[in-house]
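Note that chain A is present in both complexes that follow, paired respectively with chain B and with chain C.
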Partner chain A sequence: MSTIAAEPGVISLREITKAFPGVVANDRISLDIVGGQVHCLLGENGAGKSTLISILAGMQQPDSGTILVDGRSTPINSPKAAVDLGIGVVHQHSTLVPAFTVLENLMLGETGVLRNETRAKARLDELSELLGARIDPDALAGDLGLGQQQQVEIAKAMWKGSRLLILDEPTSMLTPQAIEKLAASVAQIKAQGLAVVFITHKLREAYQMGDCVTILRGGKNVGHIGADQLASFSEAQAQRAILAAMFGDDVATPEAADLAGATEAHREVDDIELGTKRVRLELSGVATRGHGHDVDIRDVSLAVHESEILGIAGIDGHGQAALAEVVAGQRSAAQGTIRFDGADITRRGVAGRQQLGLRYVTDDRLHEGTVGGMSVAMNLVLKRIGQRPFWKFGQINRKAVDAEAERLIADYAIKTPSSATRAGTLSGGNIQKVLLARELTDGARFVVVNKPTYGLDLKTVKLVRQILTEFAAEGGAVLLLSTDLDELVELSHRIAVISDGEIVGIVPNDGRGTAERVGQLMTGAIEGTPATEEAHA
Partner chain B sequence: MSLLSASVLAAFLTAIIVQTMPLILAAIGETIGEQSGVLNLGIEGVMLVGAYSGYVAAISSGSPWIGMLGGIAGGVVANLLLLVLNVWLGLNQIVIGLAITIMGEGLTSVLYLQNYSKHPQSVPGSSWAIPGLSDLPVVGPSLFRQSGIFWVLLIAMVAIAFLLSRTNWGLSIRAAGQKPSSLDAAGGNVLRTRSSAVLLNGAFVGAGGAFLSILTTGTFTAFMTGGLGFVAIVITMLSRGKVTWIVITSLLYGIAVAIKNPLQLIGVSVPADVFQMLPFIVVMVTLILFARSSIVPPALGSPYTRGAR
Partner chain C sequence: MRSILPVVLALVVAGLIIVVMGSNPLDFYAGVWKYGLTGNNWQDSLRLMAPLMIIALGLIVAFRGQLWNLGYNGTFLLGSVVASGLGPNLFPVLPGWLVTAIIILGSLLVGALWSVVPAVLKARFGTNEIITSLVMSFIAIGVVNLLIKGPVHDPNPRVTAPQTATIARENLLPFIDGTRVHIGFVVAIVLALVAQFIVSRTSFGVRLDVFGASPKAAQHVGISRSWMIILLFCTSGALIALAGSIDVLGNVTYQRANWNPGYGDAVMPFVFLARLSPLAAIPLVAFYSVFANGGINAARSVGLNSDFLLVVVGLILVFMTITEFVGEKRRLGQGYLPAGMKQSVMALFGPRAAAPVKVTTPAPDKVTTSSSPTTTTTSTPGKVTT
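And now, the complex of A and B:
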């Protein structure tokens, strides 16, 4: 047990340990959460942040360690227990029921027989005022923009008079404008004396929003900067202290700072003169129709030049999947034409486009992208089944397959025990490398990538971005769909914004302020004001 | 005899009511289950268990009311299997459902053959003439001379419609079918919510079976549901959780069944087989026309385990 005596009004974690098969997610983590303060939890993917908050939220039980509330040891063994203690969580993945109205979502979990809508509306008004947001109680949650959904989630977390509000990576899907609104709401909540735990992997946000910072790495608490200390630090000092904790002292600081999102993102690809480059892929007036619950694209016209990375920004689920699949050939175009190097490929199937050098890296790398039960080698030649030299007279040529696999494993630094290992057992980052290796080999000239770095650790993120930049520099063309604005700004030459299946504008990525302009397009399109940016040809 | 004579119309109306009620009850039961995310494919078997246990309770007590209670109890007991294996242990709903259907069919057939087939007994009739109203032409002898059970079940249906749409319990049920993790995170209990839905599902489906044996036919025969449970599943999917829609679509089926007698009376000479096919043709046509707009709860059919994504 720790020697620090817990004070009242404080939620303290003491020596919390939680192990999953093969990994210790939380290794003796101790920290104090104080009312009226924003406590930032910082760490990269896999550092144990999510496990720690699911323990606080009662979704998971620690293997050992205690949680002290007001100095008393208090087990939190169910989400209900957490709610009763006044711990409200806004999860990274939405917990709103899209088919319910805002009010129904908020009232979920209430006790008593009859639904008391009058009381619920009054409570919502109270919270709206606190959050500084107007929310229509009768709107369907699924129809709200992401920023508004998040405000509803916060209201829901505070519904029963919260004492601790936990925000799990709340900014990852928001526009810069929505992030500002969120920061204002957090400041108001803090002023009410509530404790806020703010989880992020972006250092810049930790410094801007946090009163104190705890850094997790590999499941351990590797550094804490208290409120007094953080207030006395300049931004540069704080950065240095946090980076040292995050990566150890030996990491070259500018690079690490960049990886951790310490500074504002800026373009890292070389300039290209679009006028001198030939158009590799051209969509004109392309629309898709009817595919379950997905948003379809309407009248999309785009051109991607050789050596260009064209970014597509947009809030998740606004037609990105339809766009990626219609380019890849997995979905047929209901209208419009698709040209590749000037030739009409609208009617060509996946295999036909594949042979022309048009490739697709899906965002669903576990299910759509790879066959988990098959070997890494097989996954690497998955799209060349039946082709020589891997297949001869319908027979698989193991030697040729293994040789190709070994070559790709070495080229892309895929960490796998052997080429015969089942692909499903690899880490997310290595599975993504398998996908990239498969798609970018054998005469690739163009690639669509959808959320290529989502959920990956920082080192792989850097590697994936490097692979894409190099591919473009060597004359390939990339259509990069992403919800991470920083990523788009770093990699793209131009950024198009997709909203509700339509391209609402294209912003050339030159100099500062690109993210803000893209954000304006995203929100402008969502909140109904006409997009002001002109498409830049 | 004319098609429009009062007695023919009254008989037609009576037939519609008694043919539709078992289906409505079963579809309401199925709706409660499906809204909470539990697909009860064993509904055919549960209906037969309800029909048989209702029949046995009715003839041994001499009271159709006790018979109905027996049917409800039979349905609940049959659904305990689904409750334990699926809701608690998380086994596959389709396999369990089909097993319950086959088991219900086999069990009730064997028991009936063993115990009653040599000396079939009829359930005593039951009707309650509402003073005044029962003297009206056409609706008097049909609607207002139904058993009191009919009226109690009508009240139960209205109650279920109210519970589903206006109470916190109904909200939990729907959340369990839409996104169980949200219900869990909100401090609700997914297993308890789904358990209550499965038990109510059993009660209503059992009541539907018992209505069929006690009031519609007055007797039990092996395999007497003849696919009615599966029709109820179709109606449930088409009705999207709305009790009013269940009543309307079930009535379509009931009319298709009941139209046989008036048509034969006015001398339409079509083989009897055609009339027996008619209700199923109606169901199929309805499906073709409206199946695109049927929306099932997203979490339907998947057992809930906390923390699994």
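And now, the complex of A and C:
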């Protein structure tokens, strides 16, 4: 047991327990957060990381256990209490108001009656220097790139003189280059004596950025590697120790290491000769227009061949949704044509394309992909409403629906009490299996998948990737949109980069260095310098 | 269970209110029974039920799609003015069945067209349909009053009150044999059954539920959002207007300006208690019909204003909200207080109510063992206020 209970400058969690209906999210977790150190929290999705943070941030109250600040038991009853203690959180998803300027966003938490912009600007300058980033106070938050937005978020978290900065999966949406910048900022913050909690599910990052590592599994603290110990370890040793904790006593196979992002990603799909394959889906000069807030695509031309997985890399919110939806038929193309097996399908709707075998696995599994209040069975035939044999003369044939559901549940090993269970009660991984089962059945020839493994546990991640590669190996074509570069490198034959709604280049995925080249295209496109490496596909 | 409990609670509390107002609640409820059901009174209750049931269906159609059509009062009056305006003028010149058909179709059409406005605004610009439908309702009420005072006013010069002419007895909807219940009641029940079938068995029912659950999911499945909004709003409006024309043709026979029975307001809680199921709405609306029909006379007999009925409806809504909240919290196994509230309140009185002002203890000699550091810090009761 650690004995630094009463040391000043330490925030200690003691026996923190928090249960939700059906699951113990945090089970007697104890850990110490020391100033001037980067404390990495590692664990799969669902390991209890997020709950722990929201307890630290005052957004949730633990069922039992205490939080000691400088050795004194301090309840964190509200987000305000957390801010007063100097605990700042940068959430995984942006919490900035897009229509406000950077400065306005930063001043959201101010309590005074009058806005004091001069003081705010001075404070921003101070923080920019600390972070080593230039931030324009008058730019609209919505106009900033994701990396910059994150810097603003960090500034916001530290606005009131922080003592602890919590970064929740900060790298999940960044380019390799932006991750380096972030690492530099974190190092500077650390040098100021602040404590940093860095949450990630990638082992590599934990080793590179962390001074000490705590591993959570199933809501429990299953391993801690102290600062001295970690410093004395070689990379391989650290890896083995962490993997053993993450996956239990199972042998830390290379596969596990791979999934945990321990090693650099490398391509795992078989080679195909693109020239010999027929084009399944072809977009030429496709553009979308006017759909509210998200980015439209402009002049996108792409070809996906049979048996090919074409990856689309890009920072989240750069037109991926528009691209996926225009291919699926959910959004109409304002310009250009879409061809499927040579036939023009630009004017066809969702149902027409679905019948041709063009399918779409959306990234919004809960609200778009499934209807949580409906049964698993109904969700499995949701795209075939009104079609035979499930509906005859407009009347539902429940036997046929249930039979189909049972078949798909068995085929895809969907864990559900029964086909009549409400889909909303399933776990994220099983909901994703429902989507894949629905889309890939009944003559699928092409599928668009948007962020297929986002937020899933490692086993399901592996399964989903396997399903996709098998689908391609059997002659299907896949358009894979993802913000996870490692995933793209592992699965794709070619990777196109989308930025601000335009395809800025296509990189063939051959051998090492693909990620870096993709990253260059991403940053090059954003910062305005012409991408040196043009498409040569 | 959750459908009945709010009604029971509302009746109990309403009884208490009656006691406070100096009357005997048992007399009141006995009166409801007597005037609502006994003798031939049940027939009056069923006559009242016809429009209520059709309005309930109109609301169900819209609410199932998560479209809040609150324009029911105006739409209802538009439907009724089609009957009361056209009826007296057309019945003398055309065959009766044809006029009835024209009135029915006309009211359906008017109701649908009036609802197109909020529907298109919502589909095209995302305007909040609660506001637009309400505003359209006010406009409709005004238009109906203008019509009754103007073009469709009773041509008889001796009638000065703003009202239409009365439709002759033989032109009204026929009664069911041996009763004074007109066939509008049958129409209402048949419509409810058809609606139940559509909702539970057809592909359109599934589409409707998908759309209601999430417009995004509907789009994903290939259902056109705009088309769905317009279709649902028009169906809803058409049904509610139909209720208006049937009530005039079967029951009230003429229309006065400023007549606004507010059926939709009364039927609203029961639609929700029925969980938007047409079938489940039948007994609930029947209950209210008896209660309303009997309640008016019962209230009078114990010396209460007939507005007291609306108090009961309001109480049902209140208790429905409470039962839903408590039931949902219980289902999730959560406490009934906002998260963290208990701790925050307790912290005010707890022993560690130390002010949040940091006392920055000047780092004493390092305590190596975890020898309960709390005792040392709390032993400084120097500044206890009061």
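Going forward, the second predicted complex is superposed on the first by the 531 of 537 C-alpha atoms of A that agree within 3 Å, B and C clash if a C-alpha of one lies under 4 Å from a C-alpha of the other, contacts with A are read in each partner's own complex, and residues count from 1 in each chain.
One rule holds in what follows: contacts are C-beta pairs under 8 Å (C-beta built on N, C-alpha and C of every residue); 3 or more make two chains touch, one makes a residue touch a chain.
Treat the numbers as computed from the prediction; the structure is a model and nothing was measured.
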**OP:** Superpose on chain A as described above, then tell me if chain B and chain C fit or clash.
**Re:** fit
**OP:** Considering only touches as defined above, state whether A:91 meets chain B (first), chain C (second), both or neither.
**Re:** first
Original post:
With the two structures laid over each other on chain A, which partner does A:343 touch: chain B (first), chain C (second), both, or neither?
Top reply: neither
**OP:** Name the contact category of A:60: first (chain B only), second (chain C only), both, or neither.
**Re:** both
Original post:
Of the two partner chains, chain B (first) and chain C (second), which one does A:378 touch, if any: first, second, both, or neither?
Top reply: second
Original post:
Who touches more of chain A, chain B or chain C?
Top reply: C
**OP:** Tell me which partner A:99 touches in the superposition: chain B (first), chain C (second), both or neither.
**Re:** first
Subject >> Computed vertex angle (chain A) for partners chain B and chain C, CA, steps of 10° >> reply: 40
Subject >> Closest approach of chain C to chain B (Cα atoms, Å) >> reply: 6
Original post:
Can you list the residues of chain A that meet both chain B and chain C?
Top reply: 60, 78, 84
**OP:** Note which residues of chain A are touching chain B in the complex, please.
**Re:** 54, 57, 59-60, 78-80, 82-84, 89, 91, 95-100, 104-105, 107-115, 156
Subject >> Touching residues (chain side chain A, partner chain C) in the complex >> reply: 3, 5-8, 21, 58, 60-61, 70-73, 75, 77-78, 81, 84, 328-330, 349-351, 354, 360, 362, 364, 367-374, 378, 382-383, 385-386, 391, 394-396
Subject >> Interface residues, chain B side, partner chain A - complex >> reply: 166-169, 171-172, 174-175, 178-179, 181-189, 306-307
**OP:** In the complex, go through chain C and note every residue touching chain A.
**Re:** 201-204, 206-207, 209-210, 213-214, 216-217, 219-222, 332-334, 339-340, 343-344, 347, 352, 356, 361, 363, 366-370, 373-374, 377
